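The same subunit A turns up in both complexes below, where it pairs with subunit B and then with subunit C.
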Partner chain A sequence: MSDDEKRVDESVELPKSQDEVPQAPLEPGVIPPPSMHFASRFDGLSGIIAPLLTTLIAFLMGGLVVALTGKNPIKVYHAIWNGTGLNWFFHIGNHSARIPFSTTHMWFPWDTASISAQNLQQTLLLTSPIILTGLAVAFAFRCGMFNIGGQGQYFAGTIFAVWVGTSFSSLSPWVHIPLVLVIGALAGAAYAGIAGILKATVGAHEVISTIMLNWISIWVGSYLFGQGGPLQGSQASIPISNDIMESAKLPVFWGLKLLQGLSIGIFVAVAMLVVYWILINRTTLGFEVRAVGFNPEAARYGGISVARNYFLAMAISGSFAGLAGAVDITGWEYRIGENDIHANQIGFIGLAAALLGRNTALGVGLASLLFGALINGTSGRQLDPSIFRPELAGNLTTIIQGLVILFVGLNLGGVWVWLKRRRRA
Partner chain B sequence: MTAITTRLGGVQWTHPKTIGFFGIALGALAAWLALPPLASRTAVLPIAIGIVAIAIGIWTWSREQRRVGGGAVASGILGIALGVVATRSSTAHLDQVVVWSALGAATLRYATPLTFAAIGGLFCERSGVVNVALEGMLLTGAFFGIWGAIWAHSWAGSWAWVVGVICAALAGMALAAIHAVWAIHLKVDQIISGTAINFLALGITGYLFIDKYGDTGTPGNVPDYGIPDVHLSFLQNWYFIGPIIGQLNLMIWVSFVLLVATYIFVFRTPYGLRLRAVGEHPRAADTVGISVYKVRYMAVIGSGAIAAMGGAYLSIGFVHSFNEGMTNGTGFIGLAALVFGKWRPFPTYCAALLFGFSSALADRLPSAYGNQWGTLFQALPYLLTLIAVAGVIGRSIGPAASGRPYVKQ
Partner chain C sequence: MAEAPLLELRGITKRFPGVLANDNVNFDLRSGEVHALLGENGAGKSTLMNILYGLYTPDDGEILLRGKPIELGSTRAAIEHGIGMVHQHFMLIPVMTVAENIVLATEPRRAGVLLDYDAARKRVRELSERYGLLVDPDARVDRISVGQQQRVEILKALYRGAEILILDEPTAVLTPQEAKELFEILSSLKSQGKSIIFISHKLNEVLEVADRITTLRRGVVVDTIPAAGATEESLARMMVGREVLLRVEKKPGHPGEPLLEVDDLTVIDDRGLETVRGVSFAVRGGEILGLAGVDANGQSELIDAIAGLRPVKSGRIVVDGHDLTHAKAKQALDAGIGHIPEDRHLRGLVLPFTLTENLALHAYRQPPNSKRGFLNLSAMTERARRLLKEFDVRGGTPTTPAAALSGGNQQKVVLAREIDGDPKVLIAAQPTRGLDVGAIEFVHGRLLEQRDAGRAIFLVSLELEEVLSLADRILVIYEGRIVGEFPPTATEEELGFAMTGGGRGEEAVA
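For the complex of A and B:
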């Protein structure tokens, strides 16, 4: 360390925690324009039109990539669409359906047993964890933090859900299922809480710390479920955990359990959307979180503890992601293998869903449905490899995801002004 | 010379901070005693020294030097843990894993991509643009490096790696150009645009990889025309140093040169002064006639080229193949090294060496202790990075205008 630095270290009293660091406006004494605030940088796109436009641009550019590598994008997108099961809604007829959890049948306009119905079940199964990881990103975002750690918090929930789910052989489902879900959520909260505490006390940037926590969770998970790991199942040669107990599996209300039917996990996810909305819009905590997210300086001036809200917001968002892991395990995965841990991307997709949904409850729900459908439609199970290789399609999903994040933060009005100015010059 | 003497004399030996650093060193000593060549077989020694380190840490903590104190406590705990683990395992296993010269060479190999990423990030962040897209730039460089080398192999022969590195740099610059436009002109939040670029890079390289090499993977003859090693035959027999630097990849030497060149450029030339001015106080820089946008564009695009060259080293100088998402967070660790090194070249390189060392250790463990422990140790570099960003060695304050778009008046 040089002499000068040392002198600075001793003479100037350094700020103790993140919330005391001045937000360094461009010039002292000049109030930063509203566009400098974290939350308001995303006001350029407002309403529903802008996210729709973003999606359109992303899909068009994704199609361009497909076309450039010599495939027909319209055919590819059509095959993906058919795999999503969303076409189910357009086949209205005269059918009967069984009321869930009973034996009575009633008239229903859609065929609940068709192939596209099964596809739709898979789409909704994927939508549930994406909603929850999306909420994990959205909640932290409202507090001015960018939680990229949804993936790690999801794994924390997964690991604990498997652990609790495979233990306790003779519990009632009424106890076991809530236990698994709550423990999963708490594990996610604790894991995200690490990043929250670091941000609140020493000001470690949450982007780097949560990414590191992601990698730590991936390797710890590989160790736990891998060859010879403590949570590896009874088959010594296969790096997969045991199946969770029957009492820990969520009831399936649409389709057959054997065919990976739709579990009530989707209701858990939708309920959490409501919880999120109430928490953000109707509680003191939500008000404080939003205040800190909008302007930490002003929030502290108004008597709100910025550090406390950083920690709480991070822990709450982690609990959403942890719940996502638990819902996946209890809803349809029932077990986890070392390979699943390296292949899983649910936490990162939640990121795109939250940004596309503009961090509102309804928006996150709709965007999650879009991404759930996209992932299901591009999966090896749904996509015909003679039309488009599923591995390629998986990467196409990642490209579309990247394009969505790239364009969703864009202030289209600002772009227009910039282009106009350039033309004049 | 005077600068060095004043620096040595300027250390206040009784200052809590100095003592805290001493505690950190004691923690490292605790672990080192249990490792070859000394390989103490009793656990008492590491435990005793580790406890002293922890005690010093707590004392330092109580003297308001929280970060150094916390670092000493962490170092003491780690030292005890490593020491006990080492004394428990057989000497044969220890000798197999802890070959200092081999570890040293592996450390340099693992540290090189981190160095390129961190130096790229240094230019970018010194100009006031946050770059979390380093990961994507490395990955892009890795793919286009090997793609260019394979493409050029038929007509450039064993020199195909030059084409590979150039392709990598161009691809990295193209990717960085997107980040530059988004961050500088469109004034989008730089972390979000960086994240988007990481996804784009992951998707595009994965897509092209499956499309081009999906069935068989990248060809097996890449080592024939990959970046060559530099054989220094006169060094081969030197004790310790010979095995470490006698046979290093060319890109590792390039990274040393880059490091020195970066230091000179950023801190000893007018161009570097302009770069730093733009990152610290863009309005002042604008007032004296420096074009803030131009400097930032050049810095961001240059950072893309440098980071992508690190990626090219990874694919055609180190592992000689490409896989989807093969960088595994290397770019983020590079970014953490930059934060750890307080945006200065040489401290940043020290941090990169530390992370490289933990990767090298994780790489050598499975041979003696089985895959299971090797897997767990893969988490070590990330854990160290986490501890580093938690600010063990003082708060690091970046360029003042970092992450803030500049609005011209």
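For the complex of A and C:
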């Protein structure tokens, strides 16, 4: 019977199972509980699949919106892509580039002075603070908390960076820059620490307290930089701070400082991704934070102080966001106005980046690049108005950001695994 | 024997990636019988029943109902063929009433769209009277006991016309009293012609309730035998594949100095009530002190207080001469308290953590597992590898998440961690809850071994049998007070009497 043949065939190839092999080598004949088949598939696939699928669907739906406005989605996306500067990597040729911070030139496969190079600089300038505010969300999340306060902590860093940056007129950059960055990070840490202490002592939910702290920071900033405010600049009629001292500005290593070239802030952000990874995965602090995040009761039983970790995790989260504010001020903004405080959304974009990046270092880095590129690519400055109206294009970013958060909530990975199970069954 | 079976599973094979969950399984169910499916955790019982209920499609084999092959592609098809399943974890909607839950999906309607609640209630009442499954149709499901929720599940299956009932580990969530009532319900269902498949790994239950018993081991049917004439020993041997010590063989202990002393301890619970009231006892090195009692008589709060997880209102806790009355969990650990918690999922393990991380839940602080705040992953992994081998943890490597292990292996991980911490005092709270016979034997053996190594073991269990077979001395707790001390030669009746408050004032045996 053909059925019998089939049985033999299948039993022959059984040990090397078709497409998925359980992660743990099993003893022959030992049957793991069903949870293991499920868990192993789920972890392996949804970890990568879900964010990719989320992004893809968000772009498809964004394209649908574009089509509804009567424009060609492919053209629009192509224009956005060019606006991001990411096309720069694909234009390889014979060029010469100046080695940063020197006068020597050397051969380089890319043109460092092209329009797309300038676009890419802007994308990376935006990516840096998004990485840092993303880490602010991710770190707290690993401790089981949802830090919505990245925006407020970012402002805390911004305010102190402006204050320290505009003070001390005769400091060496070697002192002034680290001072501004450290004070900015500490300001963010202290500000988030308030929510941490409230959570640790009286159990106040961090979502509520960080949202309230956001508003406090916005109006404090508004007062400080507004008309007659203590940090308002020397021009009495304009609600903007003074520029920070030259000694507090981050060196620009690509492009011109005047044209808002790329500062070394991006390296600070990438370094923090590494710091984050090490903290979470390789330190006793990270071990405790993760234990508390997964199961506070088991952590307590293991002799770990849950309250202490709530506070520390919030403070460390806040220091990332505070650093984001300081990096923006020292990297390209140099000053801040009352209007900027009300318009800035970096903290919330960081939230989306952390969700999409699944709170891993690599994920947050890639998701931040995605959002940095999107915001830059759809900005009025980059997008050709004849292809898509930039004021609509800006909303496209918001739409995609919103869809990402929605889909992360839906957990597409779970849906995907479920569908696959159905098909196999 | 002569009549054709109502249901027959022939040559069922089901593979999961890398695993053969069911290997050529034959199983049949006769009309009006209770057929028990016995096997250890992970033996393939649930897989087989999920196939019968249409949740999985078998890779091979066929299912015959009244001699005719049937296709079960979905649970709906299974229900249409009169197969109903009561899952271990109930599938009820807590905020709906009993009647609403029972008629859900096939509810009687008025005007096509409205639920005819009166008709639903009436039908539920009829069913419930007919089968002796007493429930209040108007009660909200989240306000009734677990035992009653199970009845609702059974009624739900009957309402949908089930002739064949599959009960997946039905007693796991029940109190002994509720389990007795369930067995009465089963015999009543049987007498009305229903056929029942009873899945369990508890030997005494299977012997009590089943007509025939089929034993599965590692996906293969070992044998199908009539329950009459079978013994717990013979079933255990079939299930585990070797001789199992159902009774612990224990040499007398050699108690030394008292290592844990509790003096006039009073503890309050989360609601602010005194749940431990003036408890005093001592556990000596090299002895197992058992604490017997009905659930929620202060055992949990007492353990938590000793382990530094709950503040002490008054009294004293001394471990090997050190006062730990107001110690936190970490100080308790450092002072030499090992603690196998009663709920390994809530406390004992961080389920998404790897086995390495779980095994290091206390020891991550000490070198070589960490130095100056940095983890030493290779040392941690090395330690995990050693412990997994030493404690015979199967189905996982150091990088497997704890959630992927079976209950017995998870408990071995907890046991390994607590024993490796070299505690002076080992608190074992319900150390064998939910485990099958093989794992129970292992845990009991290890506890005795630790006793003989000179540790003081404080065993808290709701299973009288466990306390009686392991402990050197037995205390009985009732409403937060120690109401008697017994030798291990005491009978279950004596202990049971004390546990329900009758033992107070009885002469304690010193």
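We take it that the second predicted complex is superposed on the first by the 361 of 425 C-alpha atoms of A that agree within 3 Å, B and C clash if a C-alpha of one lies under 4 Å from a C-alpha of the other, contacts with A are read in each partner's own complex, and residues count from 1 in each chain.
As a convention for this text, a residue touches a chain if its C-beta (ideal position, glycine included) is under 8 Å from a C-beta of that chain, and two chains touch if they have at least 3 such contacts.
This one's a predicted model, so the numbers in the text were calculated from it and none came from an experiment.
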Exercise. Which holds for A:T84: it touches subunit B only (first), subunit C only (second), both, or neither?
Worked result: neither
Exercise. What is the contact status of A:G302 with respect to subunit B (first) and subunit C (second): first, second, both, or neither?
Worked result: second
Exercise. Which chain makes contact with more of the residues of subunit A, subunit B or else subunit C?
Worked result: B
Exercise. If you stack the two complexes on chain A, which partner ends up touching A:V65: first (subunit B), second (subunit C), both, or neither?
Worked result: first
Exercise. If you stack the two complexes on chain A, which partner ends up touching A:W219: first (subunit B), second (subunit C), both, or neither?
Worked result: first
Exercise. Does the superposition put A:F146 against subunit B (first), subunit C (second), both, or neither?
Worked result: first
Problem set entry | Touching partner for A:N395 - first (subunit B), second (subunit C), both, neither | first
Problem set entry | Which superposed partner A:F287 touches (first subunit B, second subunit C, both, neither) | second
For this session: Jot down the residues of subunit A that show up as touching in both complexes, subunit B in one and subunit C in the other.
Result: 14-15, 24, 26-27, 33, 35-36
For this session: Give every residue of subunit B touching subunit A within the complex, in rising order.
Result: 3, 6-7, 10, 67, 132, 178, 182, 185-189, 191-193, 195-204, 206-208, 210-211, 214, 281-283, 324, 328-329, 332, 335-336, 339, 370-372, 375-376, 378-379, 382-383, 385-386, 389-391, 394-395, 400-401, 404, 406-407
Problem set entry | Partner subunit C, residues of subunit A touching it in the complex | 7, 10, 14-15, 17-27, 29-37, 39-40, 43, 281-287, 290-291, 294-295, 297-305, 425
Seminar exercise, completed: Listed in rising order, subunit A residues that touch subunit B in their complex are 2-3, 6, 9, 14-15, 24, 26-27, 33, 35-36, 38, 41-42, 65, 69, 146, 148, 198, 202-205, 207-209, 211-216, 219-220, 222-223, 226-229, 348, 351-352, 355, 389, 391-392, 394-406, 409-411, 414-415, 418
For this session: Please give the residue numbers of subunit C that touch subunit A in the complex, ascending.
Result: 13, 15-21, 41-44, 46-47, 55-57, 59-60, 218-219, 307, 309, 328-330, 332-334, 339, 341, 346-353, 357, 360-362, 364-365, 370, 373-375, 377, 394-397, 399-401, 403-406
